[in-house]
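Inspection log for the structure reproduced underneath, given as structure tokens.
Chain lettering (A, B, C and D) follows the sequence in which the chains are written, and residue indices restart at 1 in each chain.
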């Protein structure tokens, strides 16, 4: 039986990881046809990745038929799964998302604050088009979106795209689970964290190890240690204070430092920026080295250097998810999906990052009821902010865009939000057709 | 490691089934200590069941230590699981619940209409006491309640008992799943029905077979056949009309006939009553024969005759549930549990009958979102009615009791509700201490 | 300043009442232009009413310019208020709505049960067209809908018509207020009943007299007397039992007897039907006599006989409402309007019958919070039923229509709902274009 | 008929204003007995105020019997209205609330940020005691709370005090209405602003003048002018940018500058602090001068200098409110009251600042439905923050207190929130018995 996977943004430096994942899972998830798709501007990278992927598959001896192409519509024909991992405007755009807010004294980050808003503005229209193509060409396919800001983008798609079989994924819950497992010296598969919240704003409120909640122990270690390191490579954690941990009794995720350690992070980021430029620029160099490695005709596996990139394990998450859908495994994974009442304090049609039972019919969220009072307000605010971002991304209305910025807790400045917005809109105008 | 199970109402005629279930599951769910508990009035039956259970266990050669006792508090010490399957007032009370409404032209039924209300009034205070004992004596134990009306009773306990580790179970979802499997010629384990609603008022809105929704096919067969027979033995189905099925596109449960075929069921029940007396009286005779069989010192297994009783498979449901909790199986089972937002249109603290992931930390409901508009109203009304029943059972207030009756869709008669209520309160007064 | 009022269904026998109301209120609500509109089939009646209205206005010496016409679009030009009081299919259709359900053993009533559903099916498309005309021709006009089932129709319009300045009115709250005033020997203007629920299913939960809640006293009298007679003329009340009143502690409205005294009402209605035919037929004769009176060229006022019709005071309600809007009076009136959270247990977009502050910007509902538990369920069910009716009226889908019928508490019979529906659809087919 | 008003905190410098209001409204709201109550520490001030009040009443010739006392319980006997205007810890405490956060780089303000939290901690227990006294001694009395933070305090009382007839008032909505009236050159009584939100965080979403919404015009003027000056005297407005106003299309209140102009306000406040010390210290001097004036035995009226204090018009608001309750006026006023669904996106039991119809039975909120998306998130967060403050004020738990601080948008810093909290708890420990 044919099983076709299409990777949109196939020229990404992360692709070798997903190739590895596909090969590794071949027995349970036997991809017969694999297509890497990219756009004209990414053709050279797509070549390099395509050739590396070919060598990896050859080495594996799995009968996976691989092709790569710039023709997305052709590629989508008969697809069973479509993964999307694109970067509209590439790392140059990210550098601007980081630099511009920072220069005005605000967090400048890829997925948070003003930078994250603009990334959403650039990304949503492109993914909307892809989702509509998927719906027209391969309506039964599941679309797995890794593209950041993954939660916002997935909500936009589920609300406005014709296609409804869309799931957002992120490596943060995966990393948190693995780090907790390490701390407790147990196997990651034995750990189930009960998550509440949204992508990049998710908290763990229980940590089950073989069904027993051991969060107290984890929080204790989080305090004692120098900071539980479950950060992706792109975020250096400053650690959390005893009081914060003992008061919330929740497991924060690395992105929370932007919201609760703003001054300190800002200071650190400004220093780093002055020393090395933006994170995007650091990554740019890393990417270049990676592609140099990838070109090596002797390389037949994912190089270890890739793990240094922040998004590591994203593809592991995606492969697990596709495997469980394909096989109706009914196991529990953490994905971004329509809330449907699972978190009572958020709208039914909000996308949340939550534990789901993964079935052939898609992920089914496991209810957690009300949010803990301690974080209810900030989570509701972030969700409303996300709604504002989506509205602005769809309307292209300047005032909507301004509202999204000024209502972000990292901005919250009526005058400077305009200044930052204007610079960002100008800087990215090529990628923001909806804003005229 | 010790694993102690206490069966409250151990003298029930159903107990051999649960004994069989325990023996069958011994490898994964190794009960080391099993105590049957009953009250003074049930001592003789308890003796008979105890001896039969002893013979069954001996035959199995499993190292299960069995005792039986009238001392509930002693029995509860160190219990890991406590199952409750009691019948306050025994079958005599049930006969009154059936007869009195019927004589006034209303459905007279064990768990529906006025009869169900009075059963709740009798049962809730007794189970409240048991739950509070459990909480005081074995606070870590899971209490598995089979006692009807199981949904209402479980909601009352979760709202008002100190103990919170309480789960209600029913055989209806189990039977529906098995019947659907039979219709589709697939294994029951491959079927997952997406249920919405409450105990004895639950609908199936999707029928997944290996993750693919095949409800259309099932509904089609439901229409063509003479009525899909997924009724428990105590309910003879009249079948459903093509129009009803095609309009709701939901899988009804056998109890729905009381609400949507009231006139016809009433006519049939009145005829049956005149011919054979109440269902309780029929069951009474069945029970007597069963106990005659049970006494046979050569009997070392659950006799086949037990399956003719309506509650068959209740214990299978309960054993599966305990097994999954004990082993943190994370499989999906349908139980009665706090809603927690899983059905958006019902209160968070309502008990619903819903698919859950069964973990060592208990069942976690899988969100289904909004109710289908077609049955939203009637489900909301039934839930509000259940709240009225619980309130009256707790306060013992006459007006509260009247409201519960008059707001039940099967009563809905301001004058006759009072007449029926007065007769029922009088008939059951020995078991209704809360009503003075 | 011009003030133009257009009365759609101007040929109605009720019109003299509204003419009287307009004349009476001329000082505060100075209508300068009044147009009576009707359809071809009602031309003769329109003539008669038009002439009577002319004589009434002449007698009053108010400078109200009166015309009557069959050209609705022309009439709507520059309208400030548009009232709608139509009867699609006239009294013949009503007779069928009453007769057909009754013959199958169900309540046969103008606005309740199957009859009410079919009336909604006939009425909604016609009023939708009118509302859309209003929106296109006189977008600033307020549309005041008296047409029954007023709540359902208003909800359909507010959900699906382009026009949003629509208010539904009914004389029941008015009558209840006046009856309560009479019982307490106080002025009606000093009474404010706190209503909860929907049109024809509204309860009074508090009775304020000059700001002091005197419901206990009213309920007491309701029990002692032979039934507080706040029924419109078309409903003969059977009175309420002490237990019902003491348990709900709510003021029922006359239509509640259909739901809580079904058997007795049915018996009475069947007897009346056998004796005198349907209520519609009784009304038909009454109407004929009225029109005979109206023709009298000496008649220059609303004849007393009109008050015997059930809808009396409807127009008083409507005139008060228009007066308060026009003058931004900010007084409190009870109308049918979008819920907007005023009753927490019903959807925001549901139409409820509720106390509102009447401003030039329309009625603003006064919050009452949660429904009393005693009637929460039945009100939620009735609201969901209304949603089903509206859906079916809009889609013209047979299954939707069946669901509306079978989910009405007065039907609730899967087989007979189909029989009744089929007969009604056939009987009314001329007025149900949406059902093919 | 007797009408007794008790003013708790009668020694406040604001009292002459309320005395003036009582005298002015004597014809409609004829207070026969007026008692000023204060605590031992305020005895001297109470003397001064008492004497001034006596002279004012004498001058008015109204038969109001005035006394002053330190015996609160005695004073409460037979009270019809009780107003509360206390300052636990007096201006010294306020100075600390302002100074300590400021020194760590956070907004230091009486009712916002960390200062407001600590003010709530000090105030809630004292008012809880008063409310419970009211309930025990004069259970029918209305308690009108002016004490800040008025919304939070009122919510705490409505949730936890036995007494339920409690209304919170603030002069901000009053001032906004008057300023808007001035801008539009209309009478304040003709203006009705539709408010959404909470005390000190309320927005105007419509501005009705005689029932016509003129918000667009007001917003336009707000932009063009140098800032609509509807600030109380204690807040100097920085004005709002065109973009902010055009994007939100809402009327902000002066306190919003703390949230959307944080950096600029902080800079300004730090400069002011260095120049003149805290606002509390400025006020202290103002108060001293006021009391010097008050002592003048020739003074028989409220001196004009009082209007320079920020709280001006508070008492006008309170007098209007009591007048409308007493006379069941059913007019519209803006007060702090239980939400009850009026704002759909906030809990029913939250206290909101909203337009109400004022009846003898208390204020009835007028529904506004959903919050505008633009401010939904921040309002929900502020409400959840308020819940955290109330919880901490009631439990006296350190971690709860920390959560309240760290979840306030003006703090949001995990390390510095602890430092600020510790200093504040130490500084106020005398007034925080609940925190050990």
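Simple rule for what comes next: a contact is a pair of C-beta atoms (placed from the backbone, for glycine too) under 8 Å apart; a residue touches a chain by one contact, two chains touch by 3 or more.
As the structure is a computational prediction, the values presented were derived from the model and not from experiment.
Contact with both chain A and chain D is made by no chain of the assembly.
Between A-B and B-C, more C-beta contact pairs are found at B-C.
Each chain gets a centre from the mean of its Cα atoms; for chain A and chain C, those two points are 55 Å apart.
With each centre defined as the average position of its C-alpha atoms, the distance from chain B to chain C rounds to 45 Å.
Not a single residue position of chain A touches two or more of the other chains. Across the whole structure, chains are in contact as follows: A-B, A-D, B-C, C-D.
Residue ranges on chain B touching chain C, taken from their complex, read 105, 240-241, 243-244, 246-248, 259-264, 373-378, 380-385, 387-388, 391, 399-400, 402-403, 406-407, 409, 412-416, 418. Across the complex, chain D meets chain C through its residues 192, 206, 208, 210-213, 325, 328, 330-332, 338-344, 348, 357, 359-361, 364-370.
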